[in-house]
Structure formats: C-alpha cells, structure tokens
Amino acid sequence: MKIPVAILGATGMVGQRFVSLLAHHPWFEVVALAASERSEGKRYGETVHWLLPDPLPPKLAEMRILSPDPEQLAEAKLVFSALPAEEARQIEPHFARAGKVVCSNASAFRMEPDIPLLMPEVNPDHIALIEIQRKNRGWQGAILTNPNCTSSGLTVALKALDTAFGVQRAFVVSLQALSGAGYPGVASLDILDNLIPYIPGEESKVETEPRKMLGQLSQGKVVEAPLRLSAHTNRVPVLEGHTVCASVELEQPADVESAAAVLENYQAPSLARDLPSAPRPIILLRREPDRPQPRLDRMSGHGMTTVVGRLRPDPLFHLKFVVLSHNTLRGAAGGSIYNAELYARYVGWK
Amino acid sequence: MKIPVAILGATGMVGQRFVSLLAHHPWFEVVALAASERSEGKRYGETVHWLLPDPLPPKLAEMRILSPDPEQLAEAKLVFSALPAEEARQIEPHFARAGKVVCSNASAFRMEPDIPLLMPEVNPDHIALIEIQRKNRGWQGAILTNPNCTSSGLTVALKALDTAFGVQRAFVVSLQALSGAGYPGVASLDILDNLIPYIPGEESKVETEPRKMLGQLSQGKVVEAPLRLSAHTNRVPVLEGHTVCASVELEQPADVESAAAVLENYQAPSLARDLPSAPRPIILLRREPDRPQPRLDRMSGHGMTTVVGRLRPDPLFHLKFVVLSHNTLRGAAGGSIYNAELYARYVGWK
Amino acid sequence: MKIPVAILGATGMVGQRFVSLLAHHPWFEVVALAASERSEGKRYGETVHWLLPDPLPPKLAEMRILSPDPEQLAEAKLVFSALPAEEARQIEPHFARAGKVVCSNASAFRMEPDIPLLMPEVNPDHIALIEIQRKNRGWQGAILTNPNCTSSGLTVALKALDTAFGVQRAFVVSLQALSGAGYPGVASLDILDNLIPYIPGEESKVETEPRKMLGQLSQGKVVEAPLRLSAHTNRVPVLEGHTVCASVELEQPADVESAAAVLENYQAPSLARDLPSAPRPIILLRREPDRPQPRLDRMSGHGMTTVVGRLRPDPLFHLKFVVLSHNTLRGAAGGSIYNAELYARYVGWK
Amino acid sequence: MKIPVAILGATGMVGQRFVSLLAHHPWFEVVALAASERSEGKRYGETVHWLLPDPLPPKLAEMRILSPDPEQLAEAKLVFSALPAEEARQIEPHFARAGKVVCSNASAFRMEPDIPLLMPEVNPDHIALIEIQRKNRGWQGAILTNPNCTSSGLTVALKALDTAFGVQRAFVVSLQALSGAGYPGVASLDILDNLIPYIPGEESKVETEPRKMLGQLSQGKVVEAPLRLSAHTNRVPVLEGHTVCASVELEQPADVESAAAVLENYQAPSLARDLPSAPRPIILLRREPDRPQPRLDRMSGHGMTTVVGRLRPDPLFHLKFVVLSHNTLRGAAGGSIYNAELYARYVGWK
C-alpha cells in the first residue's frame, strides 16, 4: 500500500519536478495536485507549461487541479510544497494543523527553532524537532523543510569535512542555474551573453542555513555550528545545476589527500542510508582538473549526488574546491521527497 | 607625425582588437602586421577571421602579413605583441635587442624582476625598470608588459583600496568571458548550457600579478606588496567582459561609504592622467543591487573603465564587491596601447 | 528649431530604442514620455529596466512619465508609438483626432486601406494616403505605420528585385531575435539550447504586409502587389537581428549576377533619399559564403541597412538568398523615425 | 551469442554516440575501437573528450584504441564508421573487401548507384543493392550508408506523405544543432548570440539524398523519385536536434486532417518493423501550436522518432509543417545501428 500524497504549487518548475519524481515512486502515490486559483479546476496537462524532457506522466496529466486547502486534499497524508515563501507562510500551517506532514521546499519556516531544516545525509536526527514543534504549536501534523538549492550541495561537502576536521570559516561563490529562479523567471534578454551577480535574498540563506544543519540537536534545540560563511551568489546562463567555488578554513589542517578520502568515503547516518532517494554515492569526487561541470555532471546519482572536484590547497585558508548539485532535484523536489522518506521511516510507516 | 608601430599576432582575438583600436589612434600609425607562417604574404583582410562588430579598417585589410622578424618590421618603433606565451618568450627579445619597444600582452616576461608589469592608472612609475632592464640585458629597446585580463580590473580596484586602507588578503572568484580563450578557443559544445570551473594557468597569475603591480619600486627593484590572494577562475558563456567577485581584508577597517568614496574618487598618478587611452573614469561605481553585468557594462569608458558594484560588508573579511573589466580592451589590447602611450610620454615623444 | 515629439510605450524594448535614437536626433526633440499606469509620475530613469548597451540619456532619465493622453502630451507635434496592438487600437486615434501625427510601430492599423504602411526606401509615395485618411476619419492628425520587424528587411530586398524582374512568389523562413518579443518576453528556460518554431500572429503579417508595400497607390487606394508569400517564423536564441531565408520566383528570370547588381545598386525613391535616418547603403550585399550573420552584421548602416547574402540559384524557383535586418532599429523604432522624417519632408517642415 | 562489432572514428561526437548506444545493445557487442593515429594505443577512456551526459561505459573505457585496419579489427563482423568523408572514402572499401559489413555514417559513398542509402523505416528493400555491389566490386563484405542528419527526419515525413499523396516539390529550411559539426566543431565565439546561415556541402545533400531513398529499386538500380527539393541550411545555438521547416506540393492535394492521419499512422515496412532500434512510434505528430522544439522533443522514442508539428495549409504549395529529428541519434549513430540490425535480419543472423 502506497502512502497517499499531494503536491502544492504543482505547476511551477519545482512542482513539475515533484510530479516527475513521484509518478513512479515506490512508497508514495500522488492523489491530488493543487495550484493557484488561475489553474483551479483545469486538467493538470492542459494548464502546466511542462518544461522537462521526460514526458508528462499521463495519469497525472488527467488530474484536476484543486485549491491548496486541507479539506480538498483530505485524502493525502503527506503534502509536498513548492509554494513561494509568502504563500507557504500562510498555507502550510493550515495543513500541519489539519494533521498533514508538510515537506516544504519553501524558505518560510526553515530558520524557525522548532522546524527541522533537514538533509537526511547530513542531519537526519534533527527530525526529532517535530516533537517540540507539535507541542509548541498544537499541531497533529508537522512541517519539515529542506534547504535552499545553493546551500544543499555545499552543506553536504561541509558536513563531511566538518566531521573529520572541523570547519571554521568558508568563502563561497555560487554560479547558479536559471531553473532556480522558477518559470518564467529570468528573461532571456537579461541573461544571453550575460550573467547577473545578484540573486535577491540568496546570500543570507547560504550564510545561515548550513550553520543550522551542521548544528547539534540538544535538549530540543539546535545549537548552530560555529562555522562562519561569506557568500557571493550569481546567476549564469545554465539550465540546471548550481556550481559553488569554496575556500575553507579547518580547525585541524588537512592535506588534499586526507580531505579527498574523507569526501569520497562520506556515509549518511544509518537512519537515512537505505531510503529510496538516498544519493548513491552521497559525494562523487572528480579528479579531472576541469570537473564538475553542470551540463556533464548534474545528473550524477540521478541528480541526488553532490559532486566535488578541483580539491586543492588554498593560499589563505586550507582547502579550495568546487561543488556541483542539481538545484531542482537534490536542491529542491528530490530533497523534499528524501525528507518525506526519512519521516516515513522515522514513524515506522516503511 | 605619428609614431610607426607594428602588431605581432595580428590575426587572433587580441590582435584584432589591436587593429581596431590602432586604426584611428591619435599618436600611433600601424605600418606592419605580422602573424604566423600560415598567413604570411596574404592580405590581412583575406586571412583574418574577423570577429568584431565594427568593420575591418579597409587600409589595414589591404596590408600583406609579414613574418614576426625585426628586419621585416624595421620601420616600426613600437611593437605590440599579441603572441602566445611560448612564442613571445622566443620572439619578443629579438625585437627588444633590435631597438624596438615591445608592448606585450603575453605572460612570458610579466614576472621577471627587470620587466615592468604596468597599468598606467596603477603603477606608472614602474616604467623606470626599463633602465635596469637595458643595463642587465644590453638591449636598446625594451619589453613592457600588461597584466592578465582577470588581474587587470581587479588590480585597479585593489589599488584604490590599498592606497586608502591597505589590503591584506583577498578572495577572488572570476567568471570569465569566452574571448579570453582566443579563437577558436572554447568549443560551443563545451560551454552552451554549461560552465567550466577551470582555466589552465590562470589562478596563479591572478594570485601573483597584483602583488607585483601594487609593489613599491625601490633601488631598481619592485618590492612586492604584502597582499595575499586566493583565486578560483571559471569560464562562462559570455562573449566579452570578465566579472570578479572579491572579498577583501583591510589593514584599517573601512565602512561601505568610505570605501565607495575612495573607489569613485580614485585618480591615476599624474604621469598617466591625460593619455589618450586613460579610462574616463578610472573606476565607475554602480549602486544598483544587480550591477555590473558584462553585457550591459563592459563598454563603460570605451571598454577601459573598471566597473565596481555591489559594495557591501563581508562577514569574514571587511568588504565584498564585484569588479567588471573588458578583457580584450582594458585587459589586453587596450592595456598594451595605454602602456605604449605611457612610454611615449615618459621618453618625451609626445 | 527642433520638432517636439513624444513617445508612447517608452519603457519597453522598442520604447527604449526610440529614447536612444531620439536623444540626439537632428530634427526631433523629445518633450514627453508616456507609459502604462504603473509607471506614471515616476522618473523614466527609475522605472525603465534599461537593456541597451549605450547609456540612458541623462536628460530623458529625469523626465516624469505621463499617461498616454493627448492633453498631457499637447506640446508634441509628432508622437511615436511603441504600444502593444490592442492599446494602440484604442489610444492612437485619440492622438490623430487631436491633431497629432502618430508614427506607429504597432500592427493595429497597418492593413487598413486608408492608413499608409510605409518604408521610405520602398514606397514613400504611399504617404499621400493620409489625405484620404483625414477626409475619411475627420482627423486633423494622422496615423502612419511601419511594417512588422520581419517584413521590413524582406520587403526592401523584394522591392529591389520586383522593380527589376517582378516577383511572383516567395517562400520565406525567419530566424527571429529575442528582442522582437519585447521584455520580459521569452523566458530563458524556454530558449537556451532550444528554438521555438512558432510566433503568434507573425506568419500572416509576413504573408500580407509586403504585398501592401509593394502595391501601387492609385486613385486614393493601394492596389496590392500580386506577389504571393508563404512564411514560417521561428524564434532563436539571438539578441537582436532577424534573419530570413528566402526563395523567390521571378516574372523575368534573372541570373545571380544581374540580381546582385540590382540589389547593390538599389536606391530609395528621391523623396526619401537624403533623410537623416536613410540607410547608407539601402542594401549591403555580402559575397562571403557564410554571411550575413546577426551578431556580426546587424549594425550595418547603424542598424538601418538591409543586408543580403548567399545569393544563389534556387532549384525550384529562381533565386535563393538570406536577408538580415535589425529588428528593433530598421524593423521598429528606427523605421518609425524614418517615417516621421519622411512626413516632415512631405509637409515641408524640413 | 552477440555479433562482434567494431567502431571506426570512435572518439568523435558520432563515435561517442556509437559507444554509448552499443554498450548495452541486445544483438551487438563491441570488440574493438579504432581512431586516428594520435589516439592509437591509448585507452579509450583516457583519450576521448567525453561529451555525453550518460557516463562512459567502464568496459569500453578500458579498451585500447586500434588503427582503422581490417587486420587489427579481424574479430569484428560488422564495422560502424563515424569517419570523416575523405577518410571513409579511403578506408571503408578495405573493410568491405576484407569481408566486413560497414555501416557507414559518412557521405562518401551515399550516392553511388550500387551502395544502398538506407533508412529501415523508409526503404528497407534497398538493402538488396548489396548483391549488385558485391558483384560489381568483388567484395565479400559490403558498405551500407545512412543519410545526412538533416535528410533523415525530413525523409521519414516525406515518405509518409509520398506514399499517400505523392510529393512533387518541397522547400526546406533547416535550423541545425551544433553537434552536427562534430567536436570541437563550431567555436563558441562564432555562435553565441548568433547563427550561421551556411553549412558547407549540406544543401546539396538535403536536395539529393531524399530522392534516392524515396526511389524505387528496379532491376538492380534505384530509380530516383521525381520529387524536387530546395534547401537552405542554418547552424543555430542548439546542442542536439535538427529542426526543418518544410512546405510541400503534393500530387493529390490533401487537407490537414488527412495528412495528419497519414503521418500518425505511418508504419515501417514489415522487414524493419520489430528491429531493436525501430522508432516507437516512427512519427510522433504534435498538435500544440509551438512544437516540436529541439530541447523538449529530441529524445522522443529514445531519439529515434521523427517528430512532426505545426501541420497547416501552405499558401503556395499544399502543406507546411516542422520536422524535428535527433541528429546524432536517428540522424547518425542510431541510424547506422538500425541499418546494421536490418542487415542482420536480412541475412538471417537474427
């Protein structure tokens, strides 16, 4: 018996990724799709501007779009949210109150103390925060969040290094794909033969979210990691895959080969290890001088693997490297689904 | 009377920029074009794969290509070199020995102690090194070099800040244009919907050249500046204009507004101030959140101005900002010509 | 004394081209800018998303945006319209009724029998239609239109051939630039590594507008040319410059060299010959096998020249060739201004 | 038992597609890889510049590159050729003489009267030409060719219409992907924000190859179809997938709905129907106004299906439509493999 799920914001870029990934998921079955008023009542296939190269799953194409209302989606036990931040802030709590577990890709609640910001291969134990959350808020359901698409791959690499050597400071500069801005998102006239060295709100997310995920859960609270970050974020004319150049300062200096070994051998905590969406491998270390590259490497591990390359000494800190992560798979829809799998395992549904 | 000049490597990307800029130069007149054996004897217009939007100057189109040999180019007093590094290492000294002043864009001699690495708006006094150079090498002519295209704009911004506050350390990540790789250079199959996080030899240039240019000339030697740099260099699908994200640590901390004033008011040393190619302004500070952008800003000051934007506090060091500079104008041919103008002024020709 | 003019729809792509071209026009002076309600009352420089590489003219940047209402723009004698078709249909007649001469880039009135569809280098005599128009409609002012951006260059080439040999049928396939869709226009996610073989409403314009322009004005009516066209229109990832592949059937067969001579020697009718925006030359014939190309050739003749290349025999009809024309200059704002100059000459203002 | 095969020209764009497609082929097993001298003796994985998103098959990565010599490749029964035309003209006959069946993607022999130019879904009966070929040339083996990448999809669409209505004349304009020019192929500086309206040698191939494939085999000769074509070919910044705009004149006029039915219901001749690479479906007819698009539709039917869209009346001929076909799959490596499967079935190996 599959677990019935619904998708909020099903017509956008990330919503489409949810639809595509959940159409054949071994544990979950999509029973409802919700989107904005404009689409309500229409068939999904007729209202979505489908942008993925894999075909729109015919069964889901036939579904009628519902409004994002817990009563309309009563059948679903889990709800995936691809809503914009402001709508998420309004709508997701209604679902949590109505007993649904919301796996949200939105930034609205990520930094709230009683809401887990989760990557199963990094901090699966933070899921226990939902007990506090339910107590605090009187919810039967819960909200689980996954990080910003740029924080995602970066945090996996930092986690591996932090566990082994301690990470004190990191400079990170992102070169981010167009799909991260949603659809229609970036106008072609703004980005062809160009780049934009600014993404609203992004730098502060990248400077804070990894600290929460690398923090320790202690007495019902996450104590943020002492790591300090400085981020520059840029939009570049690439369809999918966020690239991050990072320079890190370690507590215990490490040479390139020890760091390489740590990255390559990194394993998820056992709770998260054999979930259906677990990246295989968690980290792929490329040793060619010119990799990772987004078009060639973004689909590593079905788009869930964090790809690291160009590991070398840093003249100011200790190590420099490049991280690539698929922003709408590991960094968005795939991440939320992986979180939902962690929840299903945590509560014993699977 | 204009000064007769020749161009070595006239058919490549940078060579074309020399041709275009020198066709109407107020002080210089092109009397000869040289290129590789393959082109020798052909008319320039028939052998060059002209890539610039401004039309090929008809007079130069008619010139026959010569071989890069001082006897063939005897008429020229100044020689501009757009040769690849290895050829420059062989060929440029022949010209210097034969009494020519070589203004070279090649990396071959940039870091030699008696060869000036010059940006007139930064360190025009370093031109005095040619006296040492002539004594050391017994040359009648000389070699003057301009920095790597990525170092160029970055060094201008660092100079302004260094003069005012002292710069101790800097993290810099470049997003570099395709023209920097020459022609045919980067294959379209490698870069469409992609980026390449690696440019051979580039990072070490960016980590060392600014130190020499910001250094003090003392007793016939350049004492490198104590500034330390860490660079990541990336190729992105942009035609022209290198963008650099920088985070800097200052000796005397400065807030954003003081730094903005320093950048905006930066003036070239007086020797370099009224040369024909002097950027007007030297630095353009943009205050919009999303500028500079290469396609929109690369032609600022006829492609000679360094454009700085997104000046803001850095959480780890003191300041973060973005620098844009036109890589084949200020960062290559325009820079060599500006150096030649400095030389002409220095020796009293103009 | 310059003629006072206003611009409707001043903030869009074509509106920006009007602003840029009129800032230094020898005959016209911009006295007012109008745009949609959202921008009303704001300074132009603060509300426009300026996309051109040449800087926003400072004087116009300071102007306050007005509403597109003849009373507000009373000072202007000529009004340039970059409005969308539906708004143009509503708004332009108010101006014509109020005595203004509207030079419109919109498609709304192009095919109306008493509205001239004008290219001064093709059919300047059609301007006489405004007498009929004023009589029919009781207007003091008038509406003059310029053709669709794809029809523009194509019609110039067809006119030269038609005058010499008669053109009976033509197949035309366009590869159109992104700026033709306005701003934000085409989403980058829709066009990177892609093309779209469809542009709403475009094919019927290309199949009809040239027939009106090549028609004869006789007894107050344009008798359409017998030429028949079949068009396929495509959007490609190019910023500016529409390319058209054409195969034409002639009344009197002509070989490539005669046709080349006819194209190269084509002159505008005398009324239009020495206007400030007259293309110089009208047609540039390129004889290289691989030209014209949009990025290299779109600025020929300041973006007003029609560039023709690859002239060769056609196995089914008589001749094949490629036409390139700058879509927001000759094909839009530049074309409207050229029409306004024709009007100013026609009525004796200049 | 799988049939042992070799690949000539294994390191290029099309060679890589052969490697990728044959790594898991149900009938064929790659036993040898050959490439130019420069690569000889090296491991394939170390010398190839792998451009495909699917990983390089590890077993083939380990193979040593051989020289393209029948003795070195003696083990193979079938040889796939991705050689450039001139090399193919020299090398392929050695293999045919040595008893190998060469399935060639090169243009060298396509139009020779005794060499079949084959698409199994179009003219599988033409394979019988190899009997004549062997008699004429005294070969034990044979050469089979597949058409040019642009002719491929176009010919499938024309075949369906020709069978039903007769096709007399067609205008075709291609918008071709970068991969069609091989690697490194088109320089990024030539194609970003640009297109090139010229591909050397391409138009004559597109104007002749379909006539041979639609011809009748009669008394050991192919009588070319009376169809006449006019082609314009263009390179556009798209990675994979050639788009063709076509206008066709029919012998028996047909309306859009009858033509749509004919295209959708087109079946391969029975000999070719259940081969492993047979496209499923042969033709996919898209009814949206803006499809097919290369990035969204090129992988239809694993890149083997011909996608037709925008079927509508043509004002000069009878019908207009757009054809999309994956140029390195159906139009190159996939086509050669499909031909090899046809051969294996024809001679009873499978």
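Order of writing sets the chain letters: A, B, C and D. Residues in each chain are counted from 1.
Convention: a residue touches a chain if its C-beta (ideal position, glycine included) is under 8 Å from a C-beta of that chain, and two chains touch if they have at least 3 such contacts.
No experiment lies behind these values; they were computed from the predicted model shown.
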item: Which of A-D and C-D has more C-beta contact pairs; value: C-D
item: From subunit B, the most remote chain by mean C-alpha position; value: D
item: Between subunit A and subunit D, centroid-to-centroid distance (C-alpha), Å; value: 41
item: Between subunit A and subunit C, centroid-to-centroid distance (C-alpha), Å; value: 48
item: Where subunit C touches two or more other chains, by residue; value: 51, 192-193, 237, 239, 295-296
item: In the complex, subunit B residues that touch subunit D; value: 13, 51, 178-179, 183-193, 237, 239
item: Touching residues on subunit A, where the partner in the complex is subunit B; value: 169, 171, 173, 175, 192-198, 200, 207, 228-230, 232, 234, 236-239, 243, 245, 247, 289-296, 309-310, 314-317, 320, 322
item: Touch list for subunit C against partner subunit B, complex; value: 51, 53, 192-193, 295-296, 299
